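Look at the two complexes coming up: chain A is in both, with chain B in one and chain C in the other.
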Partner chain A sequence: MVKAFGKFREWIDNRHEYAKALKERTGNKVVGYFCTYVPEEILYAANVFPVRILGSHEPPTVTEPYIFAMFCHLCRDCLAQGLKGRFDYLDGIVEGQSCLHLRQAFNAWRLHIPIDFAHYIYVPHGIQSPHAIPYLTQELAKFREALEDWTGKKMTNEDLDRGIRVMNRNRELMRRVYEYRKLDNPKITGLEAMEMVLSSQMADKEEHSNLLEKLLQELPSRQLNRDPGVRLMIIGSEDDDRVFMKNVEDIGATFVVDEHCTGSRYIWDDVGAHEDRLLAIASRYVQRVPCPSKDWPEFNRINHAVKLAQDYKVQGALVVQNKFCDPHGIEIPPLKEALKKVGVQTYPLEFDVTVPWGQFRTRVEAFLETLTGLEELF
Partner chain B sequence: MAKVKEYSTEPLKVWNEGKQLRRKYYEDYLDAHERGGLRWAGGAWAFSSIPAGLGEDTYCITGEPHGATIAFFKDFTARCHEATEAAGFPRTLCAYMRNYWGSILLGKYLLADGTVVDKHPAPDFIWQDHICCSHAKWYQVARWLEERKGKKVPMYCVDVSVGYPADKPLEEYKINYIVQQLKDGIEWLEKTTGRTYNDRLLCEAVWNEIRATRLWAEICALNQAIPAPLDEKSMYSLYVMGTLMKHRPECVAFYERLKAEVEDRVKRGIAAVANERFRVITDTQPPWGFLKIFREMEKYGIVSLGSLYTYGLIGMWKYRSDGTWGPKELPQDKPRTRDEAVRMIVEWTVDRPEWAHFYVPEAKTKMILSIVKQWKVDAVLLHYNRGCEGLSVHIAENRHGLIDAGVPVFPFEGNMGDEREFDFPGTLARLTTFFESMGLKKLRE
Partner chain C sequence: MSKQSKEFWRWREYRHTVPEMDWHDAKIVTAGVDIGSVGSKSVIMLDGKLHAYAAIRTGGVSEETAIRVLNWALDETGLQTKNVHCIVGTGYGRVNVPFAKRTITEIACHARGAHYIYGPTVRTVLDIGGQDCKAIRCDEKGKVISFLMNDKCAAGTGRGLEVFADLIRVPIAELGKASLNVEKEPAPVSNTCVIFAKAESVALLRQGWEKEKVAAAYHLAMVNRIIDLLTKVGVEKDFVVTGGVANNIGIISRLEKNLGIKPLEPNVDPILAGAMGAALFAKALYEKQIGLR
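This part shows the complex of A and B:
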């Protein structure tokens, strides 16, 4: 079993080798994207392989001349990968508007790293406006046209249907895996869940989905043979810090759910059926669980996080803010208050490119004690 | 030492009028309810001419200038930051926003002269726009803070994050996206306030805004003269009117008088800095608590002529067919209907120079280089501003562009609204070295 989890890890650890091999095998172009607001459906429809550009958690010193260091470590770490040539197999880059930080990584990449194709999709921020879906539909039409010009191939409705099917299937399978996290003794750890979703952003979706099918057959009989400890949730900015996840789960806790774009936020919503495929895709990206940068005037994401906490019987939540990530940082007090109202205590942690585990361990342990262990002390 | 030419100087005649206008602006907002008026809050870039259709007794407070005013009074700023951090907000967030929230949390309100009033006047509604990550979020949280104090504040925000027309006009669907939101917004304003919307007032406000923002650009263009009639430190007190009340007739009238006076100064050779011999521009907001740095520069005979920020935050500019950068041409006719007014203000606004760098760093570099050439600038001081990610985004790319074009650049790090993040002596020492490397020596102590 659950060899699947080993494979997920392998795909993450060898993401570049994997992408290069796929490119050579299929002859397809490979495009890097920075944010999950890029509609991969359209890339799959164009037979272009999308891979998410993420960092390596090494100090991104090479970015200093290109991005002012008060922007988040994610955008700097992403750019560092490009400047170091680790994504030298990319034929293009695409960004779907989310925050200023990743936009800066996109533009620096466009300006300083040779690339054939660079496209920015102006995904609306006013997603609570009734005008957002028709507007994004037009933006997606431009994106489709740009891809058609680049690849030299027209995209048909059948192509788009295929792209939608590929993405929906993958998300749906992962949501089914997430169901096993609701159990009193979850059948997967938070680290495994993170690696599952993260690898889906790096591997071919069909291959990933085939593996998920097998995993779903095996999961019902899986026993983790570990005390799940405190049921935690992790919420916040983009997070692919697997070391942190493992370390926390080694000290008496299990992450039973998350609210991250490398987790549930990526897989929670599907594209519905509509004669106008681009409108269907636009609807999904406007109505999906939002990044806080787009979530106004109402706090819909916070309401969603509260529901997740209840559905997954969460005892406590770690609220992660990537240093300098304003959209997430701004929401910390309202999020904290909303979770407190349903009995979920929170603890904020500021993440940087590397995490000082020595300090964090003490702080997380203290938080876990406040959730469960204080009675024993007295 | 070669003798440095001395120009005549004289104070601006409209200076006190500007001060009074600012003071009245903050007082009007505070006292609006006593006169049966309405109060709204939003950013300096909000489409302020739209709420003007609710009546002449509608008063606003714009967040960024208020955040800057707070920043100028360091003791009060420190209290605002402490209150915001105690409430659990990270200290890395936009400094203006933290100043603003801090005053809500403290229940205090700061007037333009630094007077602290012991109540924070909550707005009747929020009217905002969104291009920076923090714009809508700022007021979403302000509303949340007010609600915790028992006051429900309705909020409407217009998404303008559709890109920038750097080399071709924006597509019609992008313009329409903003227009439609504003039209919905008018209906929302009527419903929220219970007032009947007046399209005539809207048309007047739109025309005022267009005139005011062009007038400010015309005033800045006059600073191409040698000697420069205005220095940037003074301009901060003048451009601010456009950030507070760009839609109001008193703003237009003030800028008309100011323009006439600056034209007269140019004609008579009146300088802002008597011993002007070296011309610089800056970028982004200054560290407001340390404006004395401009006076230090004057000791070297250096005049700061402004910046893309002071010229283009509110001023409207456009490239002309001859390739020069100048004030944007006024539309041919005033708007007569709601439809005309809304479309006109959107088409006018999307060219805002300070929106370019959000999307196209090359467009901002090009504009700065135009200023360097047309204003005869010797060096550029780039403020890497930790307090504002919106105006610092892509600033490193602008530095590359300027250096590639052979322009001397002095980058320095600071924060417009949080004095804990600006090292005044250190910056001054580095700046001194930079000016000495340009061959300048201090002319006076």
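This part shows the complex of A and C:
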């Protein structure tokens, strides 16, 4: 039963072997991307296999000459993977503009690691401007042309429809799995949910979706033999720290929802129908749950996080700040306030390449105690 | 002991039994064991009243330290471990306390212990421990409402003071007093890292600063860092300080001056607050077990 979760984990743990085997089997080019503002729809339309470049959580030793030490650990850890040759099977890299830190990881990679294709999509920051969608549509047209030149094959509307269908299907299936986290006793843990979404950024979407279909058939009858404990939410930027998720869920809590670009933010919005496929895709990326680097002047991400907290009956939220991630740091004060207004307490934690679990354990346990734990002892 | 090998950081380990209390008269005997990163404390309570306690330096193996500090607190009371109805473990090494019925974080325990020591008017507890510093807001029952802890470095903690005591060769118990022996408060040293602060202090000593003046600069740096943390969580009266560093007058008086709030004065060593809270939780747990609550 529910072998899917084992498979998701396997895909994450063996991401490079998986991508190499897929490349060998299909003959398709493989492209690495840094940020979820890269429209994978267009890559699937071009029969190029996208994989997300993420770190390995080892203390960085090779990035110092290329990237400022006070840039976030994600950008340094991503670049380290490239410099160490772990992504040596990549044919290209693509970045969709989000923050300067990831842009530097992209740029250092482009300059110092041999690669056939490198494309930077100027995704606008002013996403609340009426000009954002037409602007991004033009940028996507340039991306499409660049891919066509590189692959030597024109992309048809049918190709783009296929790309959109592949992505929408995968996102929709994952959102359906998320529904089971709303239950009083959720049918999946936060760690399993994280591994589901993370693996979708590393595996072929169709293969991933086929497994999700099977999982969705089995989930209604699944029983997790564990006390769910406190219903937690985890909020922050990129987060693939699976050890942290497990450790927290082992001390009397369940993450019932998240607001991460390695979680709900990646899967929440679909591409709608429009005759101009690139405009349809651009609309999705402009109107999606935003990264805080673009979430201004209105804090739409915060409103979304509050709604998630309410829909998933969250008792408390861990607000994770990746060290030196300014965009997310900026939103923490209003985020805390907004959650407080709906009765959700927050606790801040600063993540780095590695996490000091001994210290964090005390904080998380004390946070859980303040939420529910010790009432009967006063 | 030669002057060279004198350990200025070494604080006094001790135990005490409150006289005129007999455990035979008590209905419930409980213990709290607080295994901190630097010091370990144990408190024995009779029906929720302080009876005996001990404080020792934490050793390399938390289990052994827990047994040692508990046994020492029990010494001279006539009690044995088997007479204790319930034990709660707390502190950094809480999961390693043998015999503990349950572990509870030092954050909850310090708030509860501060409530016991200082009374129900306490709203803000600052626990300055060996390796971390916690600002805790609590209600009239001593229940935690919110809290914050310092990040990573031991700057602003007891261990930082121990390092500094060795550097300027002043016994740790006299360090705070020495730091007040200056005409004018100097500018603080760096407060983000113990090693940076130490390096800066060395430079000041080389420039010919009196060691009291360097101590003042070090203490002020610590206090600034602590005030940052307190400001984030918000300070509401009554304000109290717990943990070993609560005994350092150089820290306490500067906190009072720079924060503008006078901490309440304790009637018992506030290093014991965490273990006291644990012993009180142990009483509540035992009462629950035998159907009294």
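Quick note on the criterion: the second predicted complex is superposed on the first by the 376 of 378 C-alpha atoms of A that agree within 3 Å, B and C clash if a C-alpha of one lies under 4 Å from a C-alpha of the other, contacts with A are read in each partner's own complex, and residues count from 1 in each chain.
FYI, a contact is a pair of C-beta atoms (placed from the backbone, for glycine too) under 8 Å apart; a residue touches a chain by one contact, two chains touch by 3 or more.
On a predicted model such as this, the values are computed, not experimentally measured, just so you know.
**Student:** Regarding the shared-chain residue A:175, is it in contact with chain B (first), chain C (second), both, or neither?
**Tutor:** neither
**Student:** Thinking of the overlay built on chain A, is A:68 touched by chain B (first), by chain C (second), by both, or by neither?
**Tutor:** After superposing on A, A:68 lies in contact with chain B but is clear of chain C.
**Student:** Between chain B and chain C, which one contacts more residues of chain A in the superposed model?
**Tutor:** B
**Student:** According to the stated criteria, A:57 is in contact with first (chain B), second (chain C), both, or neither; which is it?
**Tutor:** So A:57 meets neither chain B nor chain C here.
**Student:** Quick one: classify A:296 as touching chain B (first), chain C (second), both or neither.
**Tutor:** In the superposed model, A:296 contacts chain B only, not chain C.
**Student:** Between chain B and chain C, whom does A:138 touch in the aligned arrangement: first, second, both, or neither?
**Tutor:** First partner only, chain B.
**Student:** Check whether A:365 is in contact with chain B, with chain C, with both or with neither, and answer first, second, both or neither.
**Tutor:** second
**Student:** First (chain B), second (chain C), both or neither: which does A:214 touch?
**Tutor:** In the superposition, A:214 contacts neither chain B nor chain C.
**Student:** Taking the superposition as given, does A:345 touch the first partner, chain B, the second, chain C, both, or neither?
**Tutor:** The answer is second: A:345 touches chain C but not chain B.
**Student:** With both complexes overlaid on chain A, does A:246 touch chain B (first), chain C (second), both or neither?
**Tutor:** neither
**Student:** Quick check on my understanding: which residues of chain A belong to both its chain B contact set and its chain C contact set?
**Tutor:** Overlap of chain B and chain C footprints on chain A: residues 348, 350.
**Student:** Please output the residues of chain C touching chain A within their complex, sorted ascending.
**Tutor:** For chain C paired with chain A, touching residues are 92, 104-108, 132, 141-149, 151-152, 281, 284-285, 288, 293.
**Student:** Looking at the complex, which residues from chain A come into contact with chain C?
**Tutor:** Result: residues 345, 348, 350, 356, 358-359, 362-363, 365-366, 369-370, 374, 376-378 of chain A touch chain C.
**Student:** Which chain B residues qualify as touching chain A in the complex?
**Tutor:** 87-90, 92-94, 97, 126, 130, 132-134, 136-141, 143-144, 155-159, 161-163, 171, 173-174, 177, 180-181, 184, 358-359, 361-362, 384, 386, 389-390, 392-397, 400
**Student:** Which part of chain A faces chain B closely enough to touch in the complex?
**Tutor:** Those in contact with chain B are residues 65-68, 70-71, 97, 99-101, 103-104, 107-108, 111, 120, 122, 124-126, 129-132, 135, 138, 292-293, 296-297, 299, 321, 323-324, 326-327, 329-334, 336, 348, 350.
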